[in-house]
Structure formats: C-alpha cells, structure tokens
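One chain, chain A, appears in both complexes that follow, with chain B as partner in the first and chain C in the second.
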Partner chain A sequence: MKREIKKTRKKRLDRGIKARSDTIYVIASLRDIFYLIMPRFLPVLILILIPLFLGSYHKKVLIHACIYGLLALSWDFLASCGLFSLGQALFFGFGAYVSGTLNHYFHIPPSFTIPIATLGGGALCALLLAPVVRLRGVYFAMITLILPILLIKMIDTTGIFGGTHGISSLSAFPHEYIDTYLAIVSFLFILFLFRRVLNSDYGLVLMAIKDDDRAVMSGGINIYWRKIQAIFIAGSLGCFAGALITHHYQFLGISTFALDYSILPIAAVALGGQGTFAGAALGSMILVPLSESLRALGGLRIAIYCLILILSIISLPEGIFHFLSRKYHQFETIEEV
Partner chain B sequence: MYTLIYGFINSIILALYAVGFSLTYGISGIANFAHGAFYILTGFVAWNLLNHAGLPYCVSAILAIIITAAFGFIYYWILILRIRGIALAELIVTFASGVAILEFLMWKGFYGIRYSLPLFLKGGVEFFGVGIDYQRLFVILTGILFVIALYLFVHHTKIGLAFRAMAQNERTALSVGIEYDWIGSLSLALGSALAAISAIVILPLGMMESTIGIEVLIYALAVSIIGGLESTFGMIAGSFIIGFGQVLAARYIGPKWMIIVPLSAIILVLAIRPSGIFGKTKELEERV
Partner chain C sequence: MPKEHTDIILQVEKLGKSFGGVVAVEEVSFELKKGEFMGIIGPNGSGKTTLVNLITGFVRPDSGKVIFKERDITGYRPYRIVQLGISRTFQMVRLFYNLPAYKNLIIPLCSSRVKRFVGGHFGERDDIAIDILDDFGFERDSFVPYKMAGTLPHGYLKRLDLAKAMALRPEVLILDELFSGMSMSEVASTLPLIEKFHEEGLSIIMIEHRLKELFSVVDKVLVLNFGRKIAEGSPDEVSKMKEVREAYVGIDVEIEI
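Let's look at the complex of A and B:
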C-alpha cells in the first residue's frame, strides 16, 4: 500500500521589480512606480493630513506618538552602531531640562531654546557618555539605565530646578498647530534622513562597528570617535523630543527622566523591527495609541508594554515591519513537495 | 565609631544586593536586570505566606527563598533559553520582565506601612557605645557567611567547579560534558536565591515597596560598575566604597546627599578607569 504524505512548503519569489540589490529597481510602468512610492508616500500623506481631522485630545496622542517615535528612532540609530541604551529618558530629560531652565530663568523664547537644547543637550549627553563608549553591550546599557534614575533622585533630594514640583508656566507655542506639525514633520524628516544616512558611507561605518569593531579599527577608523558622534546625533534627537514636549505642556518636571521614556521606545523598536527605522516608526505609531487606550489600567500599563516587548522579541524577532515588507515584496505560494 | 560601624553595615547590605547579580553574570554572562524584581518578589511572597497562609515566619521565609530560586530556574527555561546568546534580546527581556514584575506589584497596591516583614529578634546590643539591633548583626553575619559559603561552593563542589569552568570558557566546558543550559539555569537560580536570602535578611529593616526593586538593581549595577564586574573582590571593594561614602556623606554633609555618592563615584570611575577599579585592563575591550 502506498502511503501518501502530503507535504507542503512555502515558495517565496521576489517581485520582478527588484534588480539585484535592495535599492536598485527596474521600473517598467506607472504601476511599478506606484508600487514603489505608495508605501512611502501614503503614511506621510496620512500623518500630515490627519491632525486637521482630530480633536485636541487625539492631537495630543498623535504628538505623543511622534515624540516616542523620535525616541525610538534615536534608540534604533544607537543600536545600529552597537550601543544598546536602556535610558532614552536620559536624552529626553536632558533636552527637557536644558530648554525648560533656559526658558524659565533666562526667558528665552521656545524658538531659541529648542535648538539650543537640541545641540547643547546632545553635546552634554555625548560628553557624559564619552568615557563609556569603550565599553560595549551590557555595560553601556547598565550605565544608561542607571544615570536617569540617579538624576531623578538627585533632583528629588537636592531640590534644584524646581525639585519634585518641577517648573510650570513655561512659554507655549504661539499656535496649537505649530507643535503638532513640528512633531510630525521632524518625525518624518528624521525617519527618512536616518534611512538615508544609514545607507551612506557614514552609516556603513556605524553598522560595521556593530558587526565587528576590530575590523573597523584595523581599517584605520577611530571607532570611539564615531561612537561619540553617534551618541551626539541620537542624543540631540532625544533632547529635541524632550524640549518639544516641555514647551508643549509648558511644564518641566522629573517625570521627563521616568522609565516610560526608556521602555516605550525600546518596545516600539522591538515590535516594529530593528535596523530599518521604519520599524521603529511603525512600532511607536501602534504602541502609543494602544497605550493611550490602556490608560484606564493605570500602573499596569507599563507591565503590559513589557509583556508586549517580551512576546514580540520571543515570537516575532524580526518585527512587524520586516514581516510586512516581506509580504509586500514577495509572492508567497504554497506548493506541494 | 558610628561611621565605621554603620558604614560597614551599609557596605555589607550593598554587597548583598550585588552578589547575586554579579554571580549570575560571572558564570553565564546573563546580566539579569530582573534582579531587583526578584528581590522584592521574595518579600512579597514571604509576606503573603506569613499573613495570608498563616505559616510561621521561618517556614515562610525559607519557602519564599525556595520559590524565588525555582522562579529563576523556570524563568531561564521559559524566557532566556529562547534568546540565549543574543545580548540585546537578553538585555531587553530581563529588563522588561523585571519592570513588568515591579509594575504589577505596584498595581496590586504593594506599598505602604503594613507591608513589612517582622524582625527576627527584637532588641540590640551596645558596641563601643553604638547601638546595633540584632537584625543588622544578622545582615553582617549573612554577608560574611555568603562570602565563605560561596568560596567553598565554587572551589570544592562539583557544580561549583562546573560553574567556574563555564565562566572561564564555555566551549571547553561543553566539551568535557558540562551542559550549557543546565548550568545557565542553575546559575540564574542561584543568583535569584542569593537575592532572595538578602531580601529576607534586609527587608525587615524597613518597609517593603516595589520601588525598592529598582533601587536594588541600581545599587547592584553601581557596585558592579565601580568594582568591575568580573572580580568578586572588586564587587566587595565597590560596595565598601559606596557604603562608606554614603554614610560619610549622610553624616557630614546631610542625608539628602547620599544619592550623590554612587552617581559621582560612577562618573569618576568611568572617567578614570572605565573597566572598574578591579576590572582587568586587558579585558577592557572584552567587556561585551
């Protein structure tokens, strides 16, 4: 008797539009152009148009999503050169405190404090973390985890910069659309900028540092200096997010160093997929509205992010974005073997 | 004299915080960022066994230690095993699970004055004119016992020797029949058990709160950063530096400056010797 075992497998074929590499395409028709442009153009269009239709509460959620998105992008940028930070809150808090104190004590308007906080805060972060770039992996993570928490305690106990109560009534943006669009546009700009940078020679070096730093060293490149630059870039981005949210809420407090700002960006990247920035952006756009809808649960919210984080790392290690892009770029058929 | 004695006690407490973390990392290379959560979880379990299950104190304490160790063991097989070797994923998963446990306990309302473990023995002794309660003597005793027991354990038992083999070279250890995952899970269980014992000894000194979990993790990390993670001696030295520094700062500058000590110590150490005071310079670039 013949035993029949039906075996199937998935057959994956790239769409014909791709020629040899990930970035070179053969375009033969208008349909191909749309196929390529739509996944980039549609999200941008939606993000730019959506604030016009939203109420003020949902606009705040959107701003939050963009802010967390910026932090997630900054995390992803650091991770792509092998520096795993557990403390995006450090960058965020630095930005918030630089801009907030400048505004409160020296009455500088937001149009100056935000750029100053972005660059100055980034420089401060780079300076603070410069000795640590020699250490890799767990050590860098440990230090970035510990610094914001110690800074919270320091501000809490010594009472500098408003102490536990924080500083309120900072200058606001002149119009509510300005902060919304500032957040959205900078988020989109940074997303596409980082994608471009990582494909350039500069980004190539950064990724090489992650893969094999000895090899990069033997190529005559000062990896520590590159890492410091990467921290400066990522730090500036985090500081920008912090400065923006400080002026948005017109309030500065130790909550800017809170664990939320460290955990959620990492969760967003883990959910979306690491290494492409689009994954980080997608992850934060999913997680932040989700977390807003979970707000009723109070403190359990962070526990739920953590569970999402763990589950997504264990069950879908590549992340949603990689999964979707594979589905989009490849035909998948099931055939018998 | 006061400074000397309380500095000593404080240092021992810090060393107890760090010992489990440092041991697990030293053996299996897992930086268990859920260490603080395990610590406070023990307190929670012990409290529940004591007050809800109505067990006597010593039984519930021992049970809590066993439960935490088993939890660490299972934690390895369920979570860590799937991501073993991917440094980033290990980091994120341990950290996230630690925060999840802490936030869950916080959500359950696990803070406030009624959550405290009773002292083992009430009262105290006078020592060179400084009063010490028995509980703090227990802490010192546990600290010293830990050092001796760990030394004997890793040098004179079969599992201890396997631990050391694993720490020195994983592949060679594998080739002589020491199973990787088995030792890894045992090391995590041992680290959790050490955290649990420290929790049982130290927690009666104050209230229990889930935020203590983060504090324990911070101090464990601070001690390891300052002393150098590889060396046990460095860990002890790191805890003595922070411990005495804190007591001195509290006495001569003011209690609110206590937190500045670990922060400035970390920054100083990082600026001068990024691998920690007793970390070997050779290993500077190996510190993955």
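Let's look at the complex of A and C:
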C-alpha cells in the first residue's frame, strides 16, 4: 500500500494595508489603526515609563543604552549615504572635550555647554573630515579609525585638557531624572526624525549617493557638499552623546575616544539591521543591557558576548528588526500541500 | 563681430586624453552653435564616449580646453558642469533600480540648477516628476511611473535616463548611444521627442551607431577614428568621404543610409 507523505509548507500573505507606494496606507478599521500605531507607540511608552521603576544602577544602564543607541543612529545615518565610519568615538570624544573644557575652564553650565558641544563639535567633525569625503569605502573607514587614536596620543603626550588623568568634578545635572530623560527623549526624537528625513527627498539623495555617486553627480548635485552635511548631522549627534555622558559622570578623560564607542554601535547596527534606524535602536537596546548582565561572569564576559553576537549575525544576517517587521507585516499559515 | 562669437555655445579646443600608453582622444576640436544638432560617429573604440566624458568632467583632459558660453570649464567637477547647463545620458544607463521610476527624477529635481522651477513643499517634486515622465511615454494614469525602475524594460530605462537629463532643463544635451538596445518601434517613438527638443532650440550632441536615424535628424556630423577627428560636415558630405568609408567598412564602398 502506498503511504502518502503529508507535506506542509508555510504560506505567507502580506497584510493588504499598503496602496501602490510605501507612504500611502489604506485604513479600514480601528484594528488597522492600532496595527499601524502600536509598533511605534509601544516602545516609546515603555521607554518613557521605565525609568520610574528602575534603581539608580539600572538607570545608568538605560542611559548607556540610549547613548550607544545615539551613536548607532549616527553610524547608520552616515552609512546610508555610503560613508562607512569606524570612528564614532571621534564624534563622541569631540563632544565630551568641547563640553568638558568649556565647563571646567570657563564655568559654563551644562544647559549651554551641551548645545555648544553639539553644534560646534559637529562643525569640527565636518571640518576635520571634509578633506577626506572624496575617499570611499575602506579608505574613509581607515581615516575615521585612526583619528581618535591620534587624538588620544596627542592628549597623552602634550598633557592638555588634563592629560591622561582627565578633568573631574564638572557640573552635574540638577536632578538625576534630567540626564535619564534627556538621553531617552533625544534618542527617541532622533530615531523618528531620522526615519522621516530618510523618507524625504533629502534622504533620497543621500541614499542615492550610496548606490551610484556618478549618477547623482550627473543629476547636478554636489555630492561632496551633501556628504559634509551628513557628517555634520551624524557628528553633532555623536557630540551630543559625548557631552551628555561627560556631564553625567562629571568626568572628562581620554576614555571617551576609546575604541568601544566606535565598535559597539556598529555591532548594534549589525545585530538590529542596517538602513532603517529602528534596527540600530533595537540593537543597542539589546546589546547594552546584555553586556551589563554578563558582567557577573567576569573574564568570560567578552567571550560569551562575542559568541552571542556571532550566532545572532549568522542566524539573522538581515538583522533582528527586518526579521520582526517581516513577521509583523505578513500572515503566516501552515497548510498541506 | 561679437554676435558671431555668442552664437557658439560649446567650443572644444584640441582636447586630448591618454590612458597609460593608449591615446583615447587626440587633439579633437569642434564648435557647437546654439540650437545646432551634431552627431558624433566612429567605429568601436574610436574615443566617442571618452570625448563625452572629457566634456562633462567625468574624466579630466590631459590637454586642451572646453569652453561653454565663453567660460573655460576644463577640469570642472561633473556636477558643476551639469549645474551650468550641460546634461548627458549614459551609454549604460545609470539609474536607481530599487526606486520607483518617478523617484529617479527627484535627484535631478533636487539640483540647485532647477531650484527656481521646483517648489519646496511636501510632494511637489513628485508631481513635477510625474508631469515630466508623462512626456516621455510613462503615462501618468498607468502604473508605469510607479513601478520599480529595475522591473522596467530596457527601452523605458533609456527614456527614463533621457528624462533625467531633461529634468535639469539643460542648454546642451549630450546623448551617448541613446538608441543602443532599443527596438525599432522604441526608436521610432523616441526620435520625435529629440527632434522636438531640437526645434525648441536645444543644442544636442548625439553619439549613435544607427547612421540612418542619425543622418535623418542632424545638422552636422563629426567622425572620429582612433581618437582623431577624421571628418566634419553635413551628413551628405560626410557619407561621401573616402576616409569615413574606409574607417567604417575598411574599403571604399558606398555607405547606404
């Protein structure tokens, strides 16, 4: 007797909520509205409410997650216009040093040093990297990798700005909730702002530069000026994160130029998924708490951390966010063949 | 005397470029008058595309000058030259395949050259892009302008590249083998468009291997061989020249056009 082998397969169907383009939605019911709003609204709500239930140690972890999240967003923004940077620490350190020195030597309060560090630091980064925007791919990455190391050595040998000891007892924020909420709100604001920018015509040009810069040039667009603008935006963001953490710890040192601040954001983007910003945000929200919770393991921490990273990148090379959004936007049923 | 001078919109003087030991373009000179339609022909590897790249700034010339509207633009960056008013299309179309067709026009519409014609508010560039594409055979009410560029047939891609160049409202249009890979019917529908631009006063340089179509529309033909200009003149004159026939066929026979 012939035995029939039952075969099943997954059937995937898109939810029919998009019409003709990515920006036009068809909303037919309250359910559809919730379907659209929830993935945006829920994370915001959770992040806003969660500090109220956390102790001061966990609050610090949350701030760190937001800081790395900002750096990851900044990396993702540069990557979306074809500039692969290995030097988010450069932006971070610039912000820290601008705000720290202004506060220490000129006694300017944090409410002024942070905006100055954000814009001024961004301008400094853009000025410093402007001569190398013609470089592409790995050459640009090399320059951005080397610059923070160069600056560490300069501060180390000349002893300016406190040298290797750094500068301590900077002004703190008046209340501990202020640093927490400053980090969270700016992180969420930048996340949604960047997503909007990338959907605008400005973002379209930036992404087109990544695809084919000569075609963009033949469209009469000064690609080098656009890239400098992108560096300014990403640089300002990194500088803001640096300035925030300086005043949070009330300490300024060469550790702000450390390689951690360059590599961890890239790891977060690799884990979360590139090109959507939401992936970068999600990745950093997973990675930082994970690395903190492994702290109890001592020396093995880095090894296990790396193992988790490698496994997740092999199993989900597109990134967690892309995977989740695909699952969310599709009905999946198992049916017999 | 000055009137005669302003008549010339693009002037190329003894332009030369060699890649390593290979001379790609050698001392090529020509003048393009305002509103003139010039064709460039020549066998494969005769330096036609390199000449276009030299004029549009994608390749820097070793020697010689390019003068556009009495302004020396030699060695300018490509975007600068486009902003001044020289647009080009590519032999191998350079488009953004993962974007809808009409979104490809957003990039030239973001250029500072057309800023005055394009409003800034949300979605206005999209409307203008769809308006422009409508003239190039992408009917606005069909789904063609909204399809991903990568899924369109080759003829549409070529026309999209042409639309991209025309969206910049150029004064000189350079077409690098626009008709290569197009079917006869696609050529027949595209040729009237170019003739219309010519009638509206646009100066056009056209590189083409389809001599029949080319000779039917151009005012003047430039013939290149091994990077050198071997002939220049009206289509009738050029097709009778001995050197041209030898360059094309190898022997002196009548070229049928």
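Basically, the second predicted complex is superposed on the first by the 301 of 337 C-alpha atoms of A that agree within 3 Å, B and C clash if a C-alpha of one lies under 4 Å from a C-alpha of the other, contacts with A are read in each partner's own complex, and residues count from 1 in each chain.
One rule holds for everything that comes next: contacts are C-beta pairs under 8 Å (C-beta built on N, C-alpha and C of every residue); 3 or more make two chains touch, one makes a residue touch a chain.
Just so we're clear, the structure is a prediction, and the values are computed from it rather than from any experiment.
Within the superposed three-chain model, A:R40 lies out of touch with both chain B and chain C [touch as defined at top].
Look at A:K11: by the touch rule set out above, it reaches neither chain B nor chain C. By the touch criterion defined above, A:V205 reaches chain C but does not reach chain B. With both structures placed on the common chain, the touch criterion links A:R196 to neither chain B nor chain C.
In the superposed pair of complexes, A:K327 makes contact with neither chain B nor chain C.
Once chain A of one complex is fitted onto chain A of the other, the partner contacts of A:R31 are absent, as it touches neither chain B nor chain C.
By the touch criterion defined above, A:G219 reaches chain C but does not reach chain B. By the document's definition of touching, of the two partners only chain B reaches A:P131; chain C does not.
Residues 56, 58, 77-80, 82-83, 87-88, 90, 94-96, 98-100, 103, 106-114, 125, 143, 146, 164-165, 168 of chain C are the ones that touch chain A when the two sit in their complex.
Across the complex, chain B meets chain A through its residues 25, 31, 33, 79, 82-83, 87-89, 91-93, 95-97, 99-101, 103-104, 106-107, 214, 218, 221-222, 224-225, 229, 256-260, 262-263, 266-267, 270-271, 274-275, 284-285, 287-288.
Chain A makes touch with chain C in their complex at residues 20-21, 201-202, 204-205, 208, 211-212, 214-223. Residues of chain A that touch chain B in their complex: 79, 84, 86, 128, 131-132, 134-139, 141-143, 145-147, 149-151, 153-154, 157-158, 259, 263, 266-267, 270, 297-303, 305-307, 309-310, 313-314, 317.
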